[in-house]
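The same subunit A turns up in both complexes below, where it pairs with subunit B and then with subunit C.
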Partner chain A sequence: MGMRAADEARAEAISAKIILIFKGKTMKRTKILLAGTVAALAFANVAHAQRGTDGDLKILFWQAVSTLNPYLSGGTKEIYSASLTIEPLARYDETGKLTPWLVTEIPTVDNGGVAKDMKSITWKLKPGVKWSDGSAFTAEDVVFTWQYCTAPDGGCAQKAQFEGITNVEAVDPLTVKVSFAEPKYYPYGAFVGAQQPIIQKAQFKDCVGAKAPGCTSANFGPIGTGPFVVKEFKPNDVITFTANANYRDAAKPAFASVTLKGGGDAASAARAVLETGEYDYAWNMQVEPEVLATMLKAGKGTLVTAFGTQVERINLNWTNPDPKLGDKRSTVEGGKHPALSDPAVRKALSIAIDRDIIDEAGYGEAGKPTCNIVPAPDAYVSTANDWCLKQDIEGANKLLDQAGWKKGADGIRAKDGVKLSFLYQTSTNSVRQGTQALVKDWWQQIGVASELRNVSASVFFGGDPASPDTFQKFYADVEMYTNNFDGTDPEKYLAEWLCNKIPSPANGWQGQNIPRYCNPEYDKIIAELSKTADLGKRAELAKKANDMLTAEGAHIPLIHRGQISSHSVKLSGVKMNAWDSELWNAADWSRKK
Partner chain B sequence: MTDAVIDQPVTAKPEIETPSILFWRKFRKHKGGVAGLVVFALIVLIVYVGPFIHTIDPNKIDIRAKNQGPSWKHPFGTDNLGHDMLAQVMAGGQISLAVGLTAMLLALLLGTLVGVLSGYFRKLDGPLMRLTDLFLALPLLPLLLVIIMLFRDTLRAAFGPETGIFILIVFVIGVTSWMHTARIVRGDVLAVKSQEFIVAAKSSGMREHRIVLRHILPNVLSSIMVSATLGIAAAIITESALSFLGLGFPSDFPTWGRLLFDGANFLQLTPSRVFWPGLAISLTVLSVNYIGDAVRDALDPRTQAR
Partner chain C sequence: MFTYTIRRLMFAVPTLLVISFVIFALLDLAPNDPLGDLPLTIPPEVREQIRASMGLDQPFLIRYLLWLKQFFINEPLNIFEQMTGITVGDGERMRVLSWATRSPVVDLIVQRMPQTLWVVGMAYLFGVLIAIPVGVISAYRQYSIFDQIGTFVTMVGYSVPTFFTGVVLIVIFSSYLQWFPSIYDTNLVVNDWSSFVQQVKQMVLPVTVLALYNASQIARFVRASMLDNLSQDYVRTARAKGVKEKAVLLVHVLRNSLIPVVTVIALGVPTIFSGAIITEQIFRVNGLGQLLITAVQGADIPLVQTLTFIFAVLIVLFNLIADVLYGILDPRIRYD
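Take a look at the complex of A and B:
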């Protein structure tokens, strides 16, 4: 406690000094902001606030953070925690709208920022932005960020976002031009969103390529332009931040420091915020709704939900996972799945499921039944597959009867010696195991047996090519997990189901086409999508692709999941964001007095 | 068994009673042991006979009747998917007891074997104890991961998912928990070995395996019994830890440990979800401990003179 008080005092002293220096500038900025509408309101609330007056902000991430360099880890927890420090050029706001962050405006064809041939985009940086060490933020840093992530042998986790970029150049210290090989009809990929923040050239210049993981001090304490500065980083434990003395808004952040604690589980994190009030904010409350309801009764905190693009789905394996196939298991070479290659089986499995009950039992407010793999934004949401929303056990039974799958003495359907008995795997999580039990019960009713298996999340999602239990290897008949896409444009995401993205030993199981779906017609739609600029036409094509995936049964979409987090009732300014980092506007957070 | 009486060299005066009656007479004197036996028998009875009286299928889902408190239809209430908790506790008990007892027996067998051999035969002492150290030093979880990764699919193909995973779990728990028993037994054997009656038995030309079986084992039985009772508890708990990591039984196989783990979040809402499996584990462990205590007292040759 003594230490924290001392920190606060110091931070206050620093902020007082800063306010004196920047007084003139703040006045001017106040005027500009007041001219704006929404921003004026937000500012008015904290107009009298000073930097660092609200003490320590305590955040709980029940998955501990292992690095603060999002380019070396694709993990959500790393990306979110790093977003307190390092920032991208533009962000998505809580409605999914692109918002300029370190730039003056969003480049478009109309304002000349995007070339008419769609082969380049030019960003204009905000003048006067400083790194937390006091040096100027320039276009060179943006160029360096691109070089850093695309360096050979670098193993950059966000490399896909820089695909198709031929050059990034600093036209002048405040202008960056990004050039593409092909016309890019959605050019807001690179440097947009929490996944690709700008890192400081001076700090990382010796950490390029194979040397990147070795630069511990830089990776654990990146210098940024954001509201907070890393003070101490204990991997997989606690991170402490202090307010950035050089932050561009002299009145922000309201908090003098941030303590971001990692570890535990979702339920205890929820308890720490909602019931005991020990923490101000906790991320990702994947806990049964009735448990949260009990905790909410204490009145210490509230839940915030935002619906992004997460969909809990059951992937059906189109290839044969039989262990007898050895190395050819779950690969295209191993042949088709003996039962799941029948479209009638795939459809019957889908309509046997009552998505409303799954939602009620496991998700509550944080979920909506869906039949789409692209559940948002609204322009891309299709209704063509809504037949699957209604459970139809009888219809499923009839479908299987017609397809020649006859019930045996044990009540399990079979055809030509192939039994409808599936290994159903997912990660270990009580909500997922509950869903497994429900689905098993419904499938039982249509004569389909299932064997449940749950794998520890760190193994299942770990991507270790040596483990047989990863979701990429898919050594099971069906598997369930959640996936989503970044930003608001689904093109890249829909391209995951292309024939050439099927995981196999040849590509180190790295493809994203987990169901091993392959349809040349689908590939054609995606090729067309990538060449279409008109937004209405894009939406149409995206819907067509989405419909095809569900109708053909590449997967069974279950629940459109919201991101659900909790914060103390005393914390104000939280704008839950599913399109960017949840902590995206932490500079605006303050404590209610 | 009859010549056992004649051979019994420690028995001071000839008894009319057979050893089993003698054992029972002594066991009965230990009140805690009798109570433990009654409770344990009751648990076994409920777990195995109960499902014939309370006939709800433990895996039957009735989502409309979720999170219910105790009622006549569901005496232990229901969980968040509408599973009947009494049926789940009974089904879980069958698995937990079977795993606990079998794994304990395996660990005991291995531990006693290694302990007696290394305590009695000087030449084997070094290598066997280093082996024990090796097993103690092995990081348990990575080892389990490897074992399960290597053998899961083979066993699943050979015995089916349920029996396959049962064999695997019993084996894994047994093979990784015999070391403490081995060390304790070795220590006891070393102490007993140097006593006069062993020297007497040796000088009378008794074969070594008979010395071990007749004289050493009864004298170290007390510590074996204590290990055994602790072993059951440890096995039940290890099994639940494995299930939690997704390495144990599939999630639709209730075991006491898993029920306890799943129910923990619902402690405020439906306390019976945690109470009953928790009580079952505690009572089982406690009663087995008392039984072990009484059996030790009854078998210990040193208490025979009393």
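Take a look at the complex of A and C:
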């Protein structure tokens, strides 16, 4: 035992050193030399780190997994669980950096992988990669994945990621060329990240289009290139995986099998890892911080957090939600909001809020106060609006006084017969209701009344055009929820605030510009962003757009939300990742002895 | 009796059709959306295509008729094919597909049925076995210490919800004492002594929670019914004739008291199938109740529709069985 631990420590030290050397690599010769060292090290590793020596890895997802085909579901739980089996060409690592996964390198203009006109990208597949059934992984499979998701009537949930792609072709068995209709300045959309893993052509070839849902056995047990193979899938209950005998790294995975159990609630999932130690890993601990703190005292597990791009925000309605307007309610035609169209009101509402208290009460380790709508990655984070981080009730009162909103006998401010009284809606969720209560109190202190309302999440986010309660219809003055963007590039996300994305009856309430914000200046910045290739310039433009949104008060950003999961103290190798699947590096996980 | 049964069965058909329509209409009117749980990063036009692939772009009536056809014609034909190996037609027909899993609803139900029958059925059985003696003794020794304690425990068991008792038991026996697991291992295969012990261990907590609830309910009925009978004239007559007290109690009084109790027990059987939704959810038993609740949460309409309808069929059926049993147990009751 002692020997082994020492051995492991040494191996870790050596690999740390090698990584250091790798980072500082300059000459080809060093590379070759290193390759030798790595091979030797890998050989040494075999001596104590072998495939399937660590028994069963028990994972708990309190929302049970419905299918293992992420193209048919689109839900986070399905994407994460499928990531143990099927893999994309490239992934984001825990820092948000693009990492080659099934390819030899990330194509760039410099290495010739991306065409100079930005109209195509060529991926070079790693040679020797095998599907778990032993057959070779080829460019044909990548081409097929594109055909599968873009087939009509298939209802593929990831179709948007393939937008603008005119062709995907297999140049040779190890080369895939993706061509775009227009120059794509951020070409790493398709086949990157856990949302778009490669599926096997041989398995899914008869499941294209309308036939896709009928292929139950394929959807429940996709053949993959990943570290684990599906052994048994019980929908909405439990999945059993075994180690993939054909996995490309002979020493991995350390676990012989994975049991991924679903169902229950977040609190009992936390208990099963932190208190009773029945499980090794539990996903998504949406539990009040003080409850988690008590459970942590048992000493059986730890919490891990990672911050992606989720921001909890209060959207302000720039249009008038007055029920008297009938069909024109909350539309541009219905006119501007009588009170929220005043910039002073929008700013006062924002600075009256103490984001630190909201964070402490509802989010704990899983949140930090923010004034940005693009909170990450670091290159895109702006500090221009940090004035909002400090609560300033006095300042807010002064602002409203100056703007002519006078307090009435009931303590509510009014101007020209318009009262500062708002309907504040959100989805049903104890943390959100707690936040609502806090915000109501602060707004009360600046003479703003608010009526609180919560709607069941499946209705609020459901998008049924017949329902008056969806967040898209926004039949309220202000509403609170979280949104984010996939991957690390915010271009598509920032385009949600364009004038032509405003939801209205004409487009079936389908736009994503929920606040109904419209500013031609903003549209110009986004147009420029979509034509810029240089990453530094892109970051600059994105920051400018982000600053504009908060400064003009399209919304009030509250909390930059992290993902929080828990794992047993005996589990090592977990690198919590908010940019990709949380289980992205499960091949490297092992049990401490 | 026979014609009565036949008549009732005939009536059940239109009743069930109306029920199926009402369930379908209610689910359709509910503002739940199957895409509500998807990340907001999936854009609206893609959502529209997903909806179309689920058949949601069809009008209400067409979807209802389609479901009727799938449920009453396609599924039985499919079961027939599986049992006999004979292929009817080309064997290609649309089955009722769940939206969340995209797999046939009937397969899901078949997969979930055994666990529910084991856990909830066992709890029901234990509940009945405990309830009858407790009810009898409580009634016979009315206002005794046993009756007082029994009444207290059954009242508590009946009025405290299972989501509370379940969590209390987990906190005591799983977190603190660590005797029993808090999570039901649905992959466990019983093939030797140790796996049998493990199976028993993981069933203890959910069965206890449900048995307590069932026993409380039935024990109250047994007690009330026994008390009614104990003061009857025939009891006094039997005693006057010199019949032994044991025979009076167990032969005369108990048999008569059980008539209403049997009805209650029969009417409770469908609830076994619908599973104890909350208890299954708490202990993560993959039964029908848990299937229903995940389907409701995810707005998986075909699954909810089919499950609810099957429960409706069971309730109608067991109502009939209870009525027939009543006639058999009590010769004074005749339906013809």
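Here is the rule we go by: the second predicted complex is superposed on the first by the 532 of 593 C-alpha atoms of A that agree within 3 Å, B and C clash if a C-alpha of one lies under 4 Å from a C-alpha of the other, contacts with A are read in each partner's own complex, and residues count from 1 in each chain.
Methods note: a contact is a pair of C-beta atoms (placed from the backbone, for glycine too) under 8 Å apart; a residue touches a chain by one contact, two chains touch by 3 or more.
What you see is a predicted model; the values in this text were computed from it and never measured.
Set side by side, subunit B and subunit C differ in how many residues of subunit A they touch, and the one touching more is C.
Once the two complexes are laid over each other on the shared chain, residue contacts for A:Gly434 go to subunit B alone; subunit C is not touched.
With both structures placed on the common chain, the touch criterion links A:Gly463 to subunit C but leaves subunit B unconnected.
Legend: residue contacts after superposition of the two complexes on their common chain; A:Gln147 is shown touching neither subunit B nor subunit C. By the touch criterion defined above, A:Asn519 reaches neither subunit B nor subunit C. Of the two partner chains, subunit B is the only one touched by A:Glu451; subunit C is not.
By the touch criterion stated above, A:Glu290 is placed in contact with subunit B alone, subunit C being left untouched.
When the two structures are aligned on the shared chain, A:Gly263 is found in touch with subunit C, with no touch to subunit B. Overlap of the subunit B and subunit C interfaces on subunit A: residues 456, 459, 467, 469. Touching subunit B in their complex are the following residues of subunit A: 267, 287-288, 290-291, 294, 323, 357, 360-361, 427-428, 430, 433-434, 436-438, 440-441, 451-456, 459, 467-469. Contact residues on subunit C toward subunit A in their complex (touch as defined above): 31-54, 97-98, 100-104, 107-108, 111, 170, 174-175, 178, 181-183, 186-187, 281-282, 284, 286, 290-291, 294, 297-299.
Looking at the complex, you find that subunit A touches subunit C at residues 60, 63-64, 66-67, 69, 72-76, 153-160, 210, 212-214, 216, 219-220, 232, 234-238, 240, 259, 261-265, 268, 271-272, 275-276, 278-279, 456-464, 466-467, 469, 483-486, 493, 508, 510-512.
Those residues of subunit B that touch subunit A in the shared complex are 59-61, 63, 66-67, 80-81, 83, 145, 149, 153, 157, 161, 244-247, 250-252, 262, 264-266, 268-269.
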